[in-house]
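You will see chain A twice below: alongside chain B first, and alongside chain C after that.
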Partner chain A sequence: MEQLVPTLTNILVLSSMYILVALGFVLLFNVAGILNFAHGVIYMLGGYIGFAFSVVCGLNQWLALLLTVIVIASFGVFLERFCFRPFAGDFNRTVTICIAIIVILETGVNIIGGTKILTFPAFVEGILRIGHVSVSHERIVTFAIGAALLGIIIWFINRTKWGQQMQAISQDIEAAALQGINVHRISAFASALGCGLAAIAGCLMGAYIGLSPFMGDFMLVKVLIVAILAGVGSIGGVFFAGLVLGAIDAILPLFISGAASSAIAVAIVIVILLIRPQGLFGHEMEM
Partner chain B sequence: MKSMKSSSIISIIILVGWMVLLPITANKASAQSEKKTLRIGELVSLTGFFSIRDIPDANETKIAADLINEMGGITINGQKYLIELVPEDYKSSMDGVAAATNRLVYDKGLKFIIGPTAFFAAATGPICDPNKIIRIPTWVVHSPGEVDSSTPYAFLGCNATVATAIGMAEYLKQAYPNVKKVTYVTIDDGTVPHMSSIAEKILNDKGIIIVGKPIVYSNDTLDFSPIAAKINANKGTDAVFHVNCVGPQVGNIVKGLRELGNNMPYAACMPTSLTEVVAVAGKEATKDVFVGAITAGDPDMAPLATEICKRTIAQYGSDYTLYLTGADGLWDLKQVMEKAQSLDPTVVKATWESMDTIETIFGTGTVCGDEIFGIKHHVVAHPQPIQILKDGKIVSGGWMPVYIP
Partner chain C sequence: MDMSESLSTRDGKKLTKPAFYAGLMIILSLLPLFISQGYMLHILTLTFIYIIAAVSLRTITISGQFPLAHAAFMGMGAYLSGMASKWLGWSPWLTIPLAALMTAGIGMLIGYPFARLRALYYAMVSLFFGIGVTQAIYAGGIWTGGYGGLIGISPLLPPTTSKVPYYYLSLGLAMVSIIALYRFEFCRIGTTLKAVAQSHLAASSVGINEAWYRILAMGVGCFFVGLAGAAYAHYNLVISGTSFNFMATLWLVMYVLIGGIGHFAGPIIGTFILILIPEFFRDLKTYSPFIYAGTLIIVVYLMPQGLAGLPQMVRSWFTEHRKDKRTVHAA
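Right, the complex of A and B next:
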């Protein structure tokens, strides 16, 4: 029991963060067909901008979080309009643009504040202790925010007009356009939404584990694993795949030492993909 | 008449002789008073994940080089040499180290190199050793090929993993005499099979034993809560002994441990300041955590190190991370060059190997490490600084004597 509750909390916190970031990546891919490999650095940038608002400008953490989401979502619109849309359908150029964005943002943040260890101020402090079990309020809040946001996103995608338009575009972009859906506007919105979610995860993880200019690199690997495991085109699959990866990352280090745990985590994902090449919830791609 | 003629001839010979010799002697005198430049390569990660560690150290090394130049530079046979550091970015990768070392050795023809840091040092050997290039890593984590019997031209000029572990174990023994059993924690950076047995011997020498297997975490660990849970589950221990670590890793593990109600003393064998641990874990959780870092304003610090710290803080701010490992290596190199009275790497190497003590920026250091490093007199150990949190303030915990067998 002593080990079980912290492990369960770890699974939930990690999973919710993986899902938040991966969801933005998958949304943009589904709606605009863009593999945004710069999604990890946007997550990192969110953490640093949040830090700037809350620590440098001295704003309340919650207000800083809100402003960060607005700034990063606007940046998402900029990226979609000027970096991705002109190269839509051109995989090589999109990847090159993403690499350029990664290098510029990582180096820029590294030059400005990279040599100092910074953390986003904790949203709440203190530890909840029940008997032998103890969990920090910070982790409870991180999970609660993540879970609430995921609920809102599910509702948004399934219940609102814009969400349904996003689904329509992801199913058949030409048919959606013929129905009068403004594909560019929805793509820009998906990019803003995805970047905004990554920014929230960046701030939450920045408070939980600290900030680093290269924190996005590790997260991008996790996002790619979640997206592949979920299956192409599956937003629902992201939730399940995020939970699977979160569980693997929270449980394996308890039993397996060092880098082997990371390797085994990837091996488990490969085995799942061997059994279901289309991912857990994806559909077969027609070649 | 004849004697007058011969005296005239002698006078003419003397005059001609003066005319010939004067410019030569004058040139020589002027050459000796004129300072030359000694270019020393510097392998530093200006980009990539390791730049967090390397940029502050490189900035401090530059300050040390300026200080040496202000003091007259390096004097060899009456000739003064001013140091010019030639940095090359190794981009936080082994490939980058090889490329940067090639540029320093083959393109720029340099004979002495400061850096790189830690396990990256292993990538310099195949280029430097055949070319007899002396290099002084700014840290080693004790993986093969950094400084050992396979690297005849690599010298360690500062306290690194082994020396820090020795100093930290001594502090643990002095400050927490009841601690007899520890949990050993380290990163999976390829050093586990080499460093674990050394750490065990270091601790055993102080009457402390390691309980259970080493707890090893991956370099790409995002969440350290499972590691903290694992440490907490290793029952019957009085403290944590963490080797080869960086501030955020320690901060996250400490945070996780305190959350689990575990308030054991935590020895983090690293040169980075407690400010990094406090930034992640908070002051309350950082109680009873100590590191092997220097503390600005420490009255017990040697004058030279104090001066470099003072200048660094004046230039980069009071919260700047102070490593001084590159500065220490550069200062050691100056001492050895002046003792050798030569800029020939082979002579400098032989001189270093013949020395028993060396004046480091932290005071007198011992040239040692023959048994543990497997090479005679290639490692310098100086007193180990300890940094602690006392009454909510980061202060010096004193200097521990270090000798590496």
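Right, the complex of A and C next:
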């Protein structure tokens, strides 16, 4: 029973981070049709740049977070313009350029930052105690930022002009272009938004579990699981799938240790997908 | 997916092609006479093993499926053979073919439920399967050696310091596998697989059992990649899950894509280039991955068909050029 509260907070924190990173990946996929395998390393890069701003340059934590988001979002625009747009619709070449980006960024961070795990300073100190249950402020803040951002994104996609343009493009790109929507600008924006979200998640997870150059590979797998479990084309499904995966990842290690629990988690996901080949909320699609 | 387009064969001149292949074979078989460094022979041996894996990956893709679990199947072959020889004490000459057959069996068993998935979902679910396999290897405790890897695998040949016998063995294995896979692709079954890839609905409507052919392609591809994995285990003598994880699968995909997925020779060229180029810049140590990434970027921007499509690109560029000249003269 005393494990209930830590497990619940773990589920919430992990799920909100998975959803935050996966949302950027899904937005870019829906709008531009790009399977961005480099999304994991962008998340990693976000964590390291945040570390550079806050620890190496000694800036205020929150200012560092803001600067990181700006830097990574501009990097996202660059990626969309020079790495993804020339190969639109060509799966093979997009995968190749993503691998090149992964190799360059991982090696670069490895050389500059070293292979050791760096610890990002906590955004807030302290522990919240209610009765004999205690939760660290860090987790609460991580979850609160994640939840607030997700709320803003939902509002943005459904209520603003740019968000609705994104939805229009993901439904039918040619019809959207005929209505006068600037497809390139919107996909550049989706890329910037997705990379910015990944950067925030990178900084928050850096404070939560530490930074390593290979944290991106781990997150990429989680993001792919969430996106496919949700079903291609579904943004609402990402929330549900993120919660499911967060719950699986937080609960299974209580019963089975280490690698066996990840193997079983993956097996559960495969079984779900074999029963529902189009994902939980998606539709069948041809590439 | 447009991965298996442009699979047509071009009929070259009748004698130049066999002469080219014969020359290549003679060079490769005489190479150990000129290379005295053991390290270079080691790299070439590994290259031949990875060529088998890359070519077998391409064989599966001609059926319109794009599996992202190929390194996991290689690991399956390696671990099955390594464990059989270590724990049961069987001879590697027996365990290598057995492991390949078992990998093929597992591939076909997996292929049965996976046959209902298509395109992106197929690729992604097979990717998750590969991750599950690596995690299962880590979780295997004493049987698989866990995170530390499996050590103490019995070697294929009595212990020698020379790499030359292994070089010839892997060259022979790669030759046999390549010829077998070539025959498979250009026989009736291979043509049927291409038909399934182009339109599964049209293929089904003329009476082709789509699911069975996709499972068959999976079985053939997994047999050869299991063979490659088992050979790797008994050559390297130490195997660990990290050699067969998700990133290893992506390297295999890179070998195929950089070489050119539309050509049979593509994966062979791609594997050679991508393994040997970073080796030439080994002095740069930590910076050598940048060379690798640079190669990927050059190929992806300049050669849409991969390296194997380069001759055709050059030829069409020349004919275009000549045509331009002629029109200028006419004007």
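The rule is short, and it goes like this: the second predicted complex is superposed on the first by the 282 of 287 C-alpha atoms of A that agree within 3 Å, B and C clash if a C-alpha of one lies under 4 Å from a C-alpha of the other, contacts with A are read in each partner's own complex, and residues count from 1 in each chain.
Everything below uses one rule, namely that contacts are C-beta pairs under 8 Å (C-beta built on N, C-alpha and C of every residue); 3 or more make two chains touch, one makes a residue touch a chain.
The structure displayed is predicted, hence computed values, not measured ones.
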Query = So if we stack both complexes on chain A, do chain B and chain C clash, or do they fit?
reply = clash
Message = Under the stated touch criterion, which partner chain does A:259 make contact with: chain B (first), chain C (second), both, or neither?
response = both
Message = Applying the document's definition of touch, where does A:112 land relative to chain B and chain C: first, second, both, or neither?
response = neither
Request  = Please indicate which partner A:270 is in contact with in the superposed arrangement: first for chain B, second for chain C, both, or neither.
outcome  = second
Message = Contact-wise, after the overlay, does A:175 reach chain B, chain C, both or neither (first, second, both, neither)?
response = neither
Chain B versus chain C as contact partner of A:148, first or second or both or neither = neither
Request  = Go through the superposed model and pick first if A:224 touches only chain B, second if only chain C, both, or neither.
outcome  = second
Inquiry  = One more residue to check, A:92. First (chain B), second (chain C), both or neither?
reply    = second
Set of chain A residues, in rising order, touched by both chain B and chain C = 107, 110, 217, 221, 258-260, 262
Inquiry  = Quick check: in the complex, which residue numbers of chain A touch chain C?
reply    = 35, 37, 86-87, 90-93, 95-97, 99-101, 103-104, 106-107, 110-111, 217, 221, 224-225, 228, 232, 258-260, 262-263, 266-267, 269-270, 273-274, 277-279, 284-287
Query = In the complex formed with chain B, which residues of chain A make contact?
reply = 3, 6-7, 9-10, 13-14, 107, 110, 114-119, 122, 125, 127, 129, 134-136, 139, 205, 208-210, 212-214, 217-219, 221-222, 249-254, 257-262
Message = Looking at the complex, which residues from chain C come into contact with chain A?
response = 1-3, 113-114, 116-121, 124-125, 127-129, 131-132, 135-136, 138-139, 146-147, 246-247, 250, 253-254, 257-258, 261, 286-287, 289-290, 292-293, 296-297, 299-301, 304
Query = So in the complex, which bits of chain B are touching chain A?
reply = 47-49, 51-52, 55-56, 187-188, 192, 213-227, 229-230, 233, 247-248, 251-252, 255, 259-261, 275-276, 279-280, 282, 319-321
